[in-house]
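Down below are the structures I want you to see.
Shared between the two complexes below is subunit A, which pairs with subunit B and subunit C, respectively.
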Partner chain A sequence: MNAIILSALLGVVMMFSGIVTKNRTAITYIAIAGLIVLLLGNVLNTYGVFVLHIDTHSMLNFEKFGLFFNSIAIAATLIYVVLSGRDIEKVGVNVAEYYALIFFVLCGVSILSSFSGLLMLFLGIEIMSIPLYILTGADKRNLKSNEASLKYFLMGAFSTGIMLMGIALIYGATGSFGLGGTVRITAATGLPMHTSFLEVAGLLLLFVSMCFKVSAAPFHFWTPDVYDGAPSVFTSFMATIVKAAGFIAFVRLFDAHTEVLGPTWKLLLAFVIIATLLIGNVTAVFQQSIKRMLAYSSIAQAGFMLFALYGGNDLAKEGILLYTVAYSLATIGIFAVLIKMKDYTFDGFNGLAQKEPVLAFTSTICLLSLAGIPLTAGFFAKYYMLASVVDAGGSLWLVIVAVFFAAISVYYYFRVIQAMYFKEGEAATNGVISQGFKTGLLIVAGLILLFGVFPSLVLNAFYF
Partner chain B sequence: MPIQYYIYLCLTLFSIGIIGVLTRRNAIIVFMCVELMLNAVNLLLVAFSKMHYGLAIGTPQEATAGLDAQIFVFFIMVVAAAEVSVGLAIIVMMYRNTHSVDINFLNRLKN
Partner chain C sequence: MTPVLLILIPLLTGLVTFFIKEPKAAKNWALLSAVITLAVALTAIFSKEQPGFDATWLPDLGSRFTLLADGMGRMLCLLTAVSFPLIFVAVYKNDYKHTGSFYALMLLSQAGLMGVFLAADALVFYFFWELALIPVYFLCSLWGGEKRIAVTFKFFIYTFIGSLLMLVGILFVYFHTKDHSFALQSFYQVVLSAKQESFIFWLFFIAFAIKMPIFPFHTWQPDTYEQSPTATTMVMSGIMVKMGIFAVIRWLLPIFPHASAECANVIIILSVTGMIYASLIAIRQDDIKRLVAYSSIAHIGLMCAAMFTHNKTGLEGVMIQMFNHGVNVIGLWIVADVIEQKLGTRKFSELGGLAQKAPVLAILLVVMCLANIALPLTNSFVGEFLMFNGLFQYNIWMAVAAGISIILAAVYTLNMIQKILYGNTVAATEQATEISGNVQVVLVILAVLVIVLGVYPQPMIDLTKDTVNAVLMNH
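Right, the complex of A and B next:
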């Protein structure tokens, strides 16, 4: 509850801070302070301290899983703002509004991590998406940014329409907006109620629209264009925190619903997972621009995150939290480096190791983590995902397919490392890289290695 | 009137909306088709709300049955209004830069 209230309030505070001061650095510091307050508020919530006592009439359900995810999302945003705040200031003139929108997105994220009904799911998705449409188009004079924004908006609104149709059909069949999960008993016969066609159709529509939101194939086509066209700083935000929140909503939503769909559900999900892994990994191999490659790689990572849905057990829940940490840290790190580069192509990274050894080293750690190499956080994230599927039993072939695609992903991640270390060239950066930025990157790399050796640090915090 | 008629009407409106989004090239018309989809859902929710109320007459749930769907419709309307304001702003922003609202323009990003 604290996170929802505080993030909405802090968003308004940020909007007014733009009137009070025109100093961009000051606004960034206010945002950092706000994020720290938000993080503290959410952590206190975990231990039972509330800002306000509100009866939500069981529309929101604050359980440990969601609250801990909130903490991860807010901490990731904090790291993101600390690392890339300077670059957010450079996107346009309305710096305070960008931060305000980021806080509103966080408000949507905290609703998505705690909804217990379809109404709150819908509101959370919309509160999260609408500010993002604006952030995507933040670079007003840039045609690419405009197009990305319009495309994102139309796709987002379209998938919202599909989601609402699904919700309406489920309501028609069951008479409630609850998450289901319990087998309904017919009063007259005492037998489990027959699942109506309307409910199955509604669930499928809901599934399609959630696939749109988390960019799983075959509904991924908007992702590369939007991620490529949006200002790089905001791509970093969209690809990490927002995507992870989409997955948390996905997992929470279908945790309870899978029994209605029966065994066909696993088959459908396996098809989506394989298609996502295939399209994401294979297309990423052929990209020339690193930003676009990262967009496709985020589709591929979505394929891995979908395993949490496939496994559907406690291990999967731990796994998705660990995956969020690993993936967010690595992507925020690599994007922070990417924003500093003049040229986004692979050739633009040639010889970065000679010029900026710290940048090259930290981005290497981030890329290794994304590829899932042992000793980085990404390894245990992928391990937990696959372990949950093995634990659920019966789908070993899917694990083998996933490992195969993970091997493909190593190719395009290592291409960047190869360009940085083994190719001659003049990697040009935007301006001088400050010492503080390098320290921040080293801390991110250190965290990735720390969680790679001791993944239990994250998971213990979850159970503590 | 049987509930089926309402379901068919709503599905027809919804399909018109989907077909419009997929085939039309004018950003404003695509946007109108999205609104058509949302309104088809609103109509369906209200119809289902009445249906569930009718089913609950004479049972203890009579006072509350179907109410949540009516509230949901208000939420959809409010969110749709918020979406319209953002969407039209984006379309105007694009029109300023390109003097066109044709979404074929979007294919430029692919290269």
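Right, the complex of A and C next:
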């Protein structure tokens, strides 16, 4: 609860801070302070301390899983603002508004992590998405940014329509916005499942619109263009925190509903997973721009995160949290470096190791983590995903297919490492890289390695 | 405690080496570290009890940081510990750009190798398996030949696919252990159905076969050996390929006893095919490094075939030969490196008459080459004899087919000696001089090892006796 209230309030505070001061750096510091307050508020929530006591009429359900994810999302945003705050200031004139929008996105994220009815799911998705449409178009003199924003908005609106349709159908079938209402009743009477056509159709529509939000194939087409067109700082935010929140909502939604769909559900999901892995990984191989490569790689990573849905056990739930941590850290790190580069192509990174050894080293750690090499957090993230499916049993073939795609992903991640270390060139950066930025990157790399050796640090914080 | 030291010393000293700017200091530091590791390894060999180590790592996952030095593990640790100082001395006069990073990565790969040979927990094993690979990838890509980037990338992706398949296999076995644990002992007690066993067996075997490499998974090997800086090639072909053989004996044979007996025929046929195939290609080579690379495939093929015969003599032969092959092949690589550094070429067609100019090199090279052919009184003879004996007990025709590769080995090895050392001097060798003192010392040490282990191999057999018995007991 605290996170929802505080993030909404802080968003308003950020909007007004733009009137009080024109000093951009000061605004960034206010945002950082706000994020720390938000993080504290959310952590206190876990201990039962509330800002306001509000009866949500069980439309929201604050359990550990969601609250812990909030902490992850807020902490990741904090790291993101600390690393890339300077670059957010450079996007345009309305710095305070950007931060306000980021807080509103976090408000949507906190609703998504705790909804217990379809109505709240819809609200959360909308509150999260609308600020993003604006952020995508933040670079308003850039045609590509405008195009991306419009495209994102139209596609997003369309998928929202599909989601509403799905919710309406489910409401028609069950008479409730509740999650998995029918499942509970059947479990109590012990009778065989009786599901109506309406409910199944509604669930499928929900599934489609959620696939759209997390950019799973074949609903991924907006992703590369939007990620590429949006200002790079905001791409970083969209590809990490927002995407992770989409997955948490996805897992929460279908955790309760899978039994309604029966065995066909697994087949459908397997199809989506393989399509996502195939399109993400194979297309990423052929990219010339690292920014676009990362867009496709984020689709590929989504394919792995979908394993959490497929496994559907406790390992999967733990795993998706670890995955969001690992993936967010690595992606924020690599984007922070990318933003500093003049040239976004692979050749633009040639010889970076000579010029900026710290940048090259930290992005190598991030890339190794994305590729899932042991000793980095990314390994255990993938490990949990694979383990949850192996544990669920019967789908070893899917795991083996996924493993081959993971090997393909090494190809494009390592191309960046090759450019930085093994090729000669003059990697040009925008201005001088500050010492503070380097320290921040080293801390991110250190966290990735730390969680790579002791993943229980993350998971114990979940159970504590 | 000793096993931890074997991993920690190279790991920590390696990390420090990254920050040593002065080339000479980096070299000395790395050499010092390698010598200390050797001393620790020697104490481990002579200690009476089986040294082990156990610490909590990931309690939720059922994985503990467990190390165990059985006979085979100790022998391979000894091989690793002996090889690194020798390699460092042999390449002491070579100049590598960014010397500090070069030696740092070398030491890190040593830590990874030690970890693989000592791990008694599947997840720990997997970690070290990868940890050994990554420094080697960077070593080859940064200091290798012209085509290094493409070639080592192929090598990396090849082995990475193998590792991931193995990971799937490890996970599968893990979920079938009674106590949900990655411990070696729990893995040994797993009972799988015949169908599951033979499927998971291949997931593991492909990973190990790529590493060894066994025909038809060998295509990365000659290119990578050729393009890598020779110091790294020594590590890869002297020690890293033993990871594959070690892993089969430590993990594959005991966990999947039925599948490994069932698939033995296929694997032995593949290995023997690979032996003959590689030997035939070796005859046509014009490059020292490529020739040694192919000859190495042939030797590894014999070891792989002998492992799957499941009899005592065969396994004993594999044990001895793992050590001996490491010694011999490192010797050959050192010679290849010296010739390349001195004369700027590795091609036989551009060499000749080197014996007149460098008699010491000639004598030592001949000793190494004779060991490569497995002549009696050299160390390889003992190992190969035992392995052929084992193969003979398994199937006469396999032994005959494998025997052909011995004849072929003599053909290409003697051909190499003749072309490099004898005949008239040519333009490249006209100005050649004797090899320097440090290389002489290393080659002499290796030559002594060749002869001593050839005449008196009993200590090696005694050292690895417990592993051989343990493996055979499971059948």
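The working rule: the second predicted complex is superposed on the first by the 451 of 464 C-alpha atoms of A that agree within 3 Å, B and C clash if a C-alpha of one lies under 4 Å from a C-alpha of the other, contacts with A are read in each partner's own complex, and residues count from 1 in each chain.
Rule of thumb we're sticking to: contacts are C-beta pairs under 8 Å (C-beta built on N, C-alpha and C of every residue); 3 or more make two chains touch, one makes a residue touch a chain.
Values in this document were obtained by computation on a predicted structure and should not be read as measured data.
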Item to complete: Considering only the touch criterion stated at the top, classify A:Tyr29 as touching first (subunit B), second (subunit C), both, or neither.
Response: neither
Discussion item. After the superposition on A, what does A:Ser149 contact: first (subunit B), second (subunit C), both or neither?
Written reply: first
Practice prompt. Examine A:Gly137 and indicate which partner it touches, taking first as subunit B and second as subunit C; both and neither are also allowed.
Written response: first
Item to complete: Once the structures are superposed on A, label A:Phe221 by its partner contacts, choosing first (subunit B), second (subunit C), both or neither.
Response: neither
Item to complete: In the overlay, work out which of subunit B or subunit C sits against more residues of subunit A.
Response: B
Practice prompt. Considering only touches as defined above, state whether A:Gly175 meets subunit B (first), subunit C (second), both or neither.
Written response: first
Item to complete: Pick one for A:Tyr411: touches subunit B only (first), subunit C only (second), both, or neither.
Response: second
Worksheet item: In the superposed view, which residues of subunit A touch subunit B and also subunit C?
Response: none
Discussion item. Show me the residue ranges of subunit C that touch subunit A in the complex, using the header's touch definition.
Written reply: 58-60, 126-127, 130-131, 134, 138, 141-142, 148-149, 153, 156-157, 160-161, 164-165, 167-168, 171-172, 174-175, 199, 203
Fill in: Contacting residues of subunit B [partner subunit A, same complex]
3, 7, 10, 14, 17-18, 21, 27, 30-31, 34, 37-38, 40-41, 44-45, 48, 51-52, 55, 65-66, 68-69, 71-72, 75-76, 79, 82-83, 86-87, 89-91, 93-94, 97-98, 103, 105-106, 108-110
Worksheet entry | subunit A residues within the subunit B interface of the complex | 119, 122-123, 126, 130, 133-134, 137, 140-141, 143-144, 146-151, 153-154, 157-158, 160-162, 164-165, 167-169, 171-172, 175-177, 225, 228-229
Worksheet item: Taking the complex as given, what residues does subunit A use to touch subunit C?
Response: 368, 373-375, 383, 386-387, 390-391, 393, 396, 399-400, 403-404, 406-407, 410-411, 414, 418, 421-423, 454-456, 459
